[in-house]
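Letters A, B, C, D, E and F mark the chains in the order given here, with residues in each chain numbered from 1 onward.
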Amino acid sequence: MATLNIVNKSPFEKHTLSQCLSRAAPGGAILLIEDAVCAVIKGGAYAEQLVTGQQKVYVLEPDLAARGFADAALPDSINRVDYNGFVDLVTQYDLVHSWF
Amino acid sequence: MKIAVVVNEGPYQHQAADSAWHFVSAALARGHEINRVFFYHDGVNNGSRLTTPPQDDRHIQQRWSELARQHNLDLVLCVAACQRRGLVDADEKKRHGKDADNIADGFRISGLGQLIEASVEADRVVSFGD
Amino acid sequence: MDDENDIGVVKRFLYVNRRAPHGSIYALESLETVLIGAAFDQDVSVLFVDDGVFQLKKDQQPDALGMKNFSKTFRALEMYDVEKIYVEDESLSERGLSVDDLLIDVESLPRNKIGALMDAQDVVLSF
Amino acid sequence: MKIAVVVNEGPYQHQAADSAWHFVSAALARGHEINRVFFYHDGVNNGSRLTTPPQDDRHIQQRWSELARQHNLDLVLCVAACQRRGLVDADEKKRHGKDADNIADGFRISGLGQLIEASVEADRVVSFGD
Amino acid sequence: MDDENDIGVVKRFLYVNRRAPHGSIYALESLETVLIGAAFDQDVSVLFVDDGVFQLKKDQQPDALGMKNFSKTFRALEMYDVEKIYVEDESLSERGLSVDDLLIDVESLPRNKIGALMDAQDVVLSF
Amino acid sequence: MATLNIVNKSPFEKHTLSQCLSRAAPGGAILLIEDAVCAVIKGGAYAEQLVTGQQKVYVLEPDLAARGFADAALPDSINRVDYNGFVDLVTQYDLVHSWF
């Protein structure tokens, strides 16, 4: 079993992202949506700790674009997905866990 | 694949209601089945037909109702959450002696059992909240 | 239990409680879901992590605020055959709490076992 | 002293609506004047008369209406927030062609200017939210 | 400006914006309040701290989500005589941003000057 | 001028408390209500950093009692107030600032 963890809160506002990362089992994935996309910005305080190698990390492109980061450089191992990609991730992983 | 969706927040205040709608739309477009959208907590506020958002803004309730009409979606508002927040259909109106109802087309009010049932029957459950 | 709730399939449901009680309704409405889930004869586990551990604190007195003291209902979980109740060790200790502060018996787990518990489920509902 | 109060969250979901009510009650009991309670964002959901909370729970809307009746309190719901969330009085019903209204006794719908005016006139402004 | 909005007293209002845009409505509804406050001829200051600095990020494209791109309205603040617009340095740098990423000119302040700015107000409205 | 800062979120959930403390001017006060009362518990991760000496710290007693801490030991310099005390603080300070 591998889990898709969805995080929607900015790590600068809530502890949700680090609380998720500290529990998520290896082999799963983290999908950042809504204000959580603020985590991935290069040079920001959270971009580095996201890339643990334990989970794949995805970020929802339309939420990134909404906040002015459509063209922003991201750490190499972070993948952009659109809503179709979001749907595909839900089907590819065995279980979905939303962290608020 | 069969996917159940849970919405825990009302319209406009948080993005959760938007994200859920976009996700459901994309899943349907990709050929998946959404066996139920269950609105819990403030999520039941998505189902009020009395909203009039600004003309240049999206109409969240109408967007749900339209999607339900096109895809025969089952949009269920949790009855206990509705009672705390003032979402009323014809039955609830009668039962609690209210003088008005406010539920929109395509939504129905039912119990929490509908969340469990949808979760059991679905291959995946995806929640949106705050 | 109830025949009309027999839907023939038993899935592993994990309810994850991560919020303090009374500041928001999530704790109360999560508990209502747990009880309904149990009535449907599903395989129910309940996990308290982060501020969720405050939900099990003894001596809650929300009555003076006119709010329901639903914490007593946790004691009824056993009657509903909800017996897999987990609390994370680190969540307690970071908050100055221990299992002695809690109003029911729970199985405490270290943080590094939580991921495996989550991965072993069919459905995770988080509040 | 004259105190204005702002409520940014709806009933039940967050404690803000409770905290605001307890604060207003205590301030009045202590002889202060509450020149206005302004409900903004999801706060407007406090003003729906269609709620039916469980019998053993507090009735947040009725508690506000009762306090308004006893103390001649001015409870104002922000009109733009009401339109996005489906809070409707007789005027709004007519204006937007709705078939029902749902505002409770003691509340009125008005503009954001009421928040500025109350803040200017008050000695203190206290906000409750999420 | 408008005579009917003349209430004879001018107070110092500080609007504190601490949330990212689009994830919640606070940024939009705060902006509406700022504009109304200015129309009442009050002494308006606007502060962006913490995730609030994201509200001023250039190139926001919420249109694909069907959401309003209200960030353009920040450019209109000057027309409403709202000229005291502050951003906290540390809030920018922690987020990998600089004033060059912002869509309007602002006065940037270090964190240790923010308390004095807040204390100098008659009314603080936070969103 | 001295400010009463009101914080209502648990520091274990949101960063609000530390964001408030890092800005609040000396001579003001911090009032903890709702879930923010979780900050004051002795042995918890946030009780010590509250006592900076820069601001007076108050905690709303009914919110503490609601969460099972009516009889809890608090750090010495943290004062309990009821709703009457909350009202008095609002009148004693020149300005009220709510942090969510």
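Criterion: a contact is a pair of C-beta atoms (placed from the backbone, for glycine too) under 8 Å apart; a residue touches a chain by one contact, two chains touch by 3 or more.
For clarity, every value in this text was computed on a predicted model and none was experimentally measured.
Shared contact partners of chain A and chain C, listed by label, are B, F.
Residues touching across the chain A and chain F pair largely coincide in numbering: over half of the numbers involved belong to both copies. The chain with its Cα centre farthest from the Cα centre of chain E is C. For chain F, the chain with the farthest CA centroid is B. Across D-F and C-F, it is C-F that has more C-beta pairs touching. One finds 33 Å separating the Cα centroids of chain A and chain F.
Look at where the CA atoms of chain A average out and do the same for chain D: the two points lie 38 Å apart. With centres taken as mean Cα positions, chain F sits 26 Å from chain E.
Taken residue by residue, chain F touches two or more other chains at 8, 12-13, 15, 34-35, 62-63, 95-96, 98, 100, whereas all remaining positions touch fewer. Multi-chain contact residues of chain B (touching two or more other chains) are listed as 8, 12-13, 15, 22, 41, 57, 80, 84, 125, 127, 130. Multi-chain contact residues of chain C (touching two or more other chains): 22-25, 50, 65, 67, 123-124, 126. Under the contact rule defined at the top, the touching pairs of chains are A-B, A-C, A-E, A-F, B-C, B-D, B-E, C-D, C-F, D-E, D-F, E-F. Per the touch definition, chain F reaches chain C in the complex via residues 8-10, 12-13, 34-35, 38, 41-45, 47, 62-63, 65-71.
Listing the residues of chain F that touch chain E in their complex gives 1-3, 15, 19, 22-26, 28, 95-100. Of all residues in chain B, only 1, 3, 8, 15-16, 19, 22-23, 25-27, 29-30, 32, 123-130 touch chain A in the complex they form. Residues 12-15 of chain F are the ones that touch chain A when the two sit in their complex.
Listing the residues of chain C that touch chain D in their complex gives 22-25, 65-68.
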